[in-house]
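You will see two complexes here that share chain A, one where it goes with chain B and one where it goes with chain C.
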Partner chain A sequence: MPSSDDSSGELTSGTRRAAAQPPRASGPPEAGPDPVHQQSQEALHEAEEAVVAGGIGARFRALLGLDSPDFSWTKVLAKQGILLAFVIAMVGFSLASDRFLSFDNFSSVLRQSSIIGIMALGVTIVVISGNLDLSVGSMLSFATILVVDLHDKIGPAPAMAVALVAALACGAINGTLVGVLRLNSLIVTLGMLSAIQGFTLIYSGGQNADITNQSDTWFAFFGRGEIAGIAVPILLFLGLAIILEWVLHGTTFGRRIFAIGSKASAAEYSGINRVKTVFFSYLISAFCVWCAAVVMGSRVMGSQNTVGKGYELLVLAAIIVGGASLLGGSGKISKTVIGVLLLGFIQNGLLLLGFSYWTQWLVTWVVIIVAVWLDVGARRGRLLSPYA
Partner chain B sequence: MDKFKSFFLEQPIWAFLIAITVFFSLFAPNFFDIQNFENILIQASTLGIIALGMTLVMINGNIDLSVGAILAFCAVVMVDAQSWPIFAQLGDWAILGAFFMAILAGMALGGLNGFLVWKTGVNAFIVTLGAMIGIRGLVFVYTQEQSLFAMNFLFSDIGMSSVPLGPLAVPTIAILFLVLVALVHLLLTRTVHGRNTFAVGGNPEAAVNAGIRVGPHMFVNYLILGGLTGLAGVTLSSQMGAATPNLGRDYELWVITGVVLGGTKLAGGYGSILRSFAGILSIAILRNGMNMMQVQAFYVYVILGGILIAVLILDKQLSSRKVRLSEQV
Partner chain C sequence: MIQPAEPSKTPVLSVEGVSKSFPGVKALDGVSFEVRPGEVMALVGENGAGKSTLMKVIDGIYQPEEGSVSIGGETVALQSPQDAKRRGIAMIHQELSLVEDLSVAENLFLGELPRKSLGRVDWKKLYADSRRLLDRLNCQFSPRALIRNLTVAHKQLVEIARALVYETRVVIFDEPTTSLTDRERLLLFEIIRDLRSQGVGIVYISHKMDEIFELSDRITVLRDGTPQGVLETAETDEDSVVERMIGRKVSHAARTDFRSGEDVVLQVSDLWSRGAFREVSFELRSGEILGFYGLIGSGRTEILEAIFGLRKCYRGEIRVAGERLDKHNPEEAIARGIALIPEDRKENGLALSLACDRNLGMTVMNQWGNLAHPSREKRLFEEYREKLSIKAPGPSYPVDNLSGGNQQKVVIGKWLATEPRILLVDEPTRGIDVGSKAQIHQLLRDLAAEGYAIIVVSSEMPEIIRVSDRVLSLYEGRIVSELVGEEISEESVGRAITGVGELASTAHDSNTSPES
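Coming up: the complex of A and B.
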C-alpha cells in the first residue's frame, strides 16, 4: 500500500543508510544514491526545516502532506486514514462514555489486546514478505498447552524452553514448505493449522491443562506482573513492536523482506536469498506466537486445547485494518499496532456503551471493508472498481 | 492403459479416493456396507453442497471464508422462521416458507460479498474475512446466544426421510446432494456462464478485453455459493431439528481443503466440480473410516493437514515435470 512506502519513512532510513554504510556493489539495487533519491532528499530537508521552524502547526501540515503540490484529501485519507479513524473512535468514545477515558480502562484494553497484538507483529512480517500464516492460532494452542502442562512437571523455565522449541519447529516446517519448496503459503499454513491442532489434541488427550500452585510461581510474572504500574504483557507487546520495527526498517533483513514482498523474482535476481529470508520470517512469526503463549498461559494459569482457535483471522483482521497489503511489499509494524488497538478500543467502547459483546464483530466487518476500500480506491484514483 | 495412467496422474484425487476406500474396506469392520456408504454421503453432503459453490468461486479466482457463518445464519433463519407470525396460518407449509427465507438469506449475504468484491475491487480474501467475522456477530445478535429448536417435528422428519429406489432406501439429502453435483457440473461445463467463469479466473484482464463482463460473473458465482450455503444450512439443521449459533465453525477451512484436494487452483482458471466432489468424499471417507477403526478423532486433523500439504507437493512435482517434458519436445 502507498502508506507503507510513504516518502518520509523511506527517506529517513535512506539517509541513515547512506550515512552508516557506503553503497556496496553486491547490495540491493536501491542502496546506491540515484538522482530521484537525492532530489527527494533535498525536498525532505526543506520540509524538515519548515517543520522545525513552524512548530506544531507545521508538523501537523507535514504529517497530512498539506503543503505538497499534489495534495488531495483522498490521499490523506488513504495515508493516515487508520490514524484518523483511531482518533475519531477515541474522541467519540470518550465523549459518549464517562468511564472510557481512564488509566485503568486504557491499561485493561491494552492488556487484553496484547496477545493478539504480539501475534500480529510476527504475522505482519510474514505478510510483508508476501505470504500468509494461518497456523498461528493452532500454534498458540499448542505452545500454551505445552507451557501450562509442563509447568508442574518439569518447572517453569524448562517448560518455556520446550514450548519455544515446539513453536520454532512449527515455524521451521512452515518456512521449509513455503520458502524451500515454494508452495502456496495459504494452503500450507491451512494444512498446518489443521495438523498442529491435531497434535495439540493428541498431546493433551482432549483434556484441558491447569497449573495447580498458582500463587507462588514466578511464571505468573509474564501475564499478571507489573513494572512501574504497567502490566508486563503491555510492555512485552510494545517492546517487541519496537524491536521488530527496527528489524524491518533498520536492518538488511528488513529490506530484504520488503524486496521479496514487492517482487520476489526481482529480489532474487538482485542476489537476495529468498529461501533464507522467508524461512526466518516464519521463525519470527513462531517466536511471537511463543511470547503470546507464555503471556496467555501465565495470565490464565491454565489452558483449553483450542484456546487459539480463530485467532489467526483476528490477527489478520488487525493487520489488514492497519493497512498492510496481503499481496506483500507493504505494511508497517506501527500501523499494525494501531490496527490492533483500534479493534481493541472499539470492542471496549461498545461494551461500555452497553452494546452486546457481538456488536463489535459487526463493527469490525464494516471497519475492515471501509479501511481497505479507501486504501485501494485512493491507489487507483477512483472509488469504484474498473470492472464493468 | 496410457489413458488410465494419464487420467490418474492428472487427477490423483480419484486414485486417492479408491485407495482409501479399498484400505478401509479391508481394515475397518462394517465399513464396506451399503448403509455406511449412505451415511458417508449424508455426512459429506453439508460440506459438499457448499464445496460446489466454492469451486465456482475459486475457479473464478476468488475465495469465500464466510461460508461457515452464512451457513449458521441460514440454519438459524430456517429454524426460527417456522414460528414467524406471517407463516402462522400456513400450518406445516410454514416449513416451505422458512425454507425460502433461509435460501433468500444465504443469497443476500453471498450476493453482498459478491457485490463488494465486484464494486470495491478489494481482494476477495479480505472482503469475506470481514464478512466471516461480521456475519458470525449477526448470528449471535439474532439468537442472543441461544440455540433454537424446531417445534414442528415434520422438519426433522424431512431431514431423516429416504426415497425408495428399487430395493434401496436412499436418504433424501444424499439424493439432493448428487442431483446438485450434476446440475452445477452442467452449469460449469455446458453454459456460457461456466465458460466465462474459467476465462475470468484464468486471466481477468484478457477476459475484460474479450468483452466479458467480469464483475457480474463474480457476483453471480457468489450468489450461487450463498444460495447453496443456505441449502446446506437447511439440510444440516433439518438433520438436528435445531440450530446453534456456533454451527459451521471451521467449515470454510474444511470446504477449501476439500476443493483444493480436488485440484482446483487457488489462483483461479482451473478446477472441476466432479473432482471437488471426490475431494469432499475423500474427507468424509477418511473421517468415517477412521471412526470405524476407532482411531481418535484428533488424528484426522493431522492426517488431513498432512494430505493437504502432500497434495500440494505432488501437484508441484507433476506440473514441473510437465514443464520439463514440454521443454524437451
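Coming up: the complex of A and C.
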C-alpha cells in the first residue's frame, strides 16, 4: 500500500500540501478505495489530536476537517453528520415553533428521552463488543412491573432489589448464551425479547400494576424528583453516561470490549477472556435497564405489562444514529447520547408542530436510514455512488 | 527505457514517466514500464514500493498526475477497470472474485450473458462459447460445473478464462500462486507460457524469486516508487535483483552461528490432540531456535496452539520451566511467559480497526488490573517503533493503514511486550517482502541470542534453514526426525519429509521416547 510507507502524516506537511492542491481534486483521483481515504481520515484524526489545546477556532476547524489535506464537504457531512443534523433540527424547530426553545420544553424532552437514553448506554457497550441486545424492551417491562407490583407488598427498597436481581438474571442468561455458548446474539436476544415478555405476562396475570400510595413514598424521587432544579432522570442519564464513558475508555474492560468487537479471535489470541467480557457486557446492559425501569416505575407510579414494547428498536435507532457500527469495534457513549437527544427532539418538535404521535415512527426510521447512509458514505468517501 | 528491439515488438502496454501521490507520500515517481507482446514481464519490489499503485494506474483505478499510459501504441486515459478491460487489459487478483453458486459459464459471461428474444438467456451459445474459452486454457472441467465445487486452482483458471472473454492484450497476475499447490502452480505456469506464445503480454507480480526466474523474460524493479531498471532475466541473478529491490548487498555466508541452548524452558511430553497430532514430545531450551517443518496439515500449527492453550489435548503434559500447565488457556500461557505470534495476522494477530498503541497494549492489559493506562500504551508504541523500526506516524494510527511488514512488526511488538521467555512463531514472514523478511529473520536470531526460547513454524524450507538451530520434521501429526546444527540442509530436511514412508517408525521412535 502506498500510503503505508509514509512516515510523515503529520499535520504540518499535510496542511502545506493542502494549500498547494485544490481542495477537491476533480473527482477521479478521489475514486481510489483505500489509501486516499484512510490517509485523509487519519489526517483528520491527527488534526483532532493536534489541536486539543488550540482554542475553539482550531477545535472547530479540526472537527470539520478544514485543515485536512483533501477536504471535502462530503466527508464533513459523513463524519459529523449527526452533529449537523442535530443543529439543523434544533434551529429548524426553534424557528417553526415558538414553544420549542424554552427551558421547560428542553427539560421535558430530556426527561422523556432519559429512559431510552439510559437503556441505550448499556446497549452501546454490547454493540461495541460486536453483539446486539434486543431483549432490553421486554426486560424493561419485566423490571418495571416487578418494582411497581412489589412496592406496596414488600416496600420500595426490597422491590428495587428484587427487580435488580431479575434484570441481572436476564442479562446473565443473555451473557451465557452469547458469551459462553457463542450463539448468535441477534437470535438469542430476539428469543429473550419474546421469552421475557411472556414471563412478564405470566407473572402479572395480564394485569397492569399500580402503586397505591403515590404521594408519600421516597420511591417517587427517581422519576419525579429534582436536584438543583434538574430532574433526577436527566441526572441519572447523564451521570451513567459519564460513568460508562469512563468504563469504556479508562478501564481494561473497555479496552477488551473494543478489542473483541474489532476482532474477536485476535483478542482471544491476546489472552483476553472473551467469555467473561461478553458476559459482563450483558450484565451492564441489564443494569442500565434496571435503572430505566426504576425511573419508569417511579414516574408513572404504575406499569402496563408491555410498557417497554418497541423500546429495543428506539434504543438501537439512537445507537445507530449515533454512528456506532453494528459490526462492533467502534462507537462512542457521547455520540449515543446525541443520537438519543436527536430522536427525542425530533419527536418533540413534530408533536409541537401538530403532527400525530405516529409520525415519530416514520420520521425515526427516516433518520436512521439517513444516518446509515452517511456512515457508509463516510467510509466510501462519497454519498451517491456505491463505488468506492 | 529499453527501446523495442524490432518494430513488431512495439510494446503492447507502455507506461511513461508516471507519478502519483497520496497525501504525505509519493507512491510513484516517474515510473516507466512496458510489456511487449509475447513476453512475461516480472514486476518486483518490496511492499510499499509502488507495485500495487502502478497496477491500479494500469487498471484505470487511479489516474496518474504525470505521465501517460499507452496500449498498443495508442495513448489512453483509463477511467475505470471496465474501461481497462475493454481495451484488453485483464487483471487476475490475488483474491478471486467469482460467484460461488453460479456455473463456470455464467461466471465467465457474468453481466453479459448471450441473449435470445424477450431477454431469455441463450444457454446453448453460452456453453459453446465457454467451452471454447476453457479449451484455450486446456481446461477439462465442464462449463456447467458450479464454481463452489472447483479447486482453488481451477477457480483461478476460470478467472483467467474470464480475462480472455475480451480481446485480451495484457494479462496481469498479482501473486497468483499464494494458494496453489506445487502441481497446480506448474499448471498455471504452463498456461502463462501458452498465453505468451499466443502473443499476449504478461505482467507477473510476485515475491517469490524462484518463480520469477522460472517464468519471466524481463524483470522491472521498483523501490520506494522509483524505477530501479529493467533486467533481462537470462542475464541476471537473484542476488542482483534483490539488491536493487532493497538497495543494499545481500550476503550468503554459510551459517556458523548455531546455538545449542541452555536451560530447558519448555517440555512437551506425549501430547495428543484429536485429529491434529499424536505422541508429540520435545524439549525447548532458552537461547535456541527450534524449527518445525512440515506440510500443511502435518500438525505444526496445531502443536503451537496446544502449547498456547488454544487447543484441547486429551493426553500428555506441557511443562514450563519444570512446572505443569494446568488451565490450558492463553491467559495462563501468557502469564507463564509464552507468546504465540500467529500465522494469520489479520484474523488472529491484530484488531485492524484499532490504533497501533491499543493493539500493542492488548496482550499486557491483563497485568494492569482494572484500569487502562494510555500513557503506558503510548510508551509501548514509542519503544517498539524504535526497536522494530515500525513505520507508523503516531500511536493512534490505525494498524489497518500499515503495510504488511509493519503490521507484522506490530504483532511481534505486542508479544515482546509481554516479556515472554518462549516465543512460538507461526509462519513469521508469510506475504512479506524480501527486505522485511531478512529483518524479521535477523530479529529472531537476535532474540535467541538474548536468551529467548523460540519455535518457528514454516512451510518455507529456506526460512527454516536460515533461522533454526534444530529442526523437527513433522509428518501427519508426528515428529519424524530431528536435525541439529550443521546437519540442517535443504537435502536433509527435504529427505525427512519425503522419505517418510520407511523412516516414519524408526525416526519417530528414536525421537519420542528418550526425550520425555
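Please note the rule applied: the second predicted complex is superposed on the first by the 326 of 388 C-alpha atoms of A that agree within 3 Å, B and C clash if a C-alpha of one lies under 4 Å from a C-alpha of the other, contacts with A are read in each partner's own complex, and residues count from 1 in each chain.
The criterion applied here is as follows: a residue touches a chain if its C-beta (ideal position, glycine included) is under 8 Å from a C-beta of that chain, and two chains touch if they have at least 3 such contacts.
Computed from a predicted model, the values in this text were never measured in an experiment.
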item	value
Partner chain in contact with A:Ala85 - chain B first, chain C second, else both or neither	neither
First, second, both or neither for A:Trp358, with chain B first and chain C second	first
A:Gly271 touches, of chain B and chain C: first, second, both or neither?	second
Which of chain B and chain C A:Ser330 touches, first, second, both or neither	second
Partner chain in contact with A:Thr252 - chain B first, chain C second, else both or neither	second
First (chain B), second (chain C), both or neither touched by A:Lys263	second
Common interface positions of chain A, toward chain B and toward chain C	none
Complex contact set, residues of chain A against chain B	177, 181-184, 186-188, 190-199, 201-202, 206, 309-310, 313-314, 316-317, 320, 326-327, 356-362, 364-366, 368-369, 372-373, 376-377, 380, 384-388
Chain C to chain A touching residues, read off their complex	20, 22-25, 27-28, 47-48, 50, 52-53, 56, 61-63, 65, 79, 224-225, 308, 310, 330-331, 333-334, 340, 342, 347-354, 358, 361-363, 365-366, 368-372, 391-394, 396-398, 400-403, 406, 414
Contact footprint of chain C on chain A as seen in their complex	1-10, 13-14, 17, 28-29, 31-33, 35-36, 38-40, 42-43, 45-46, 49, 69-70, 249-256, 258-259, 262-263, 265-273, 329-330
Of chain B, residues touching chain A in the complex	65, 116, 118-123, 125-127, 129-138, 140-141, 144, 208, 213-216, 218, 249-250, 253, 256-257, 260, 266, 296-309, 312-313, 316
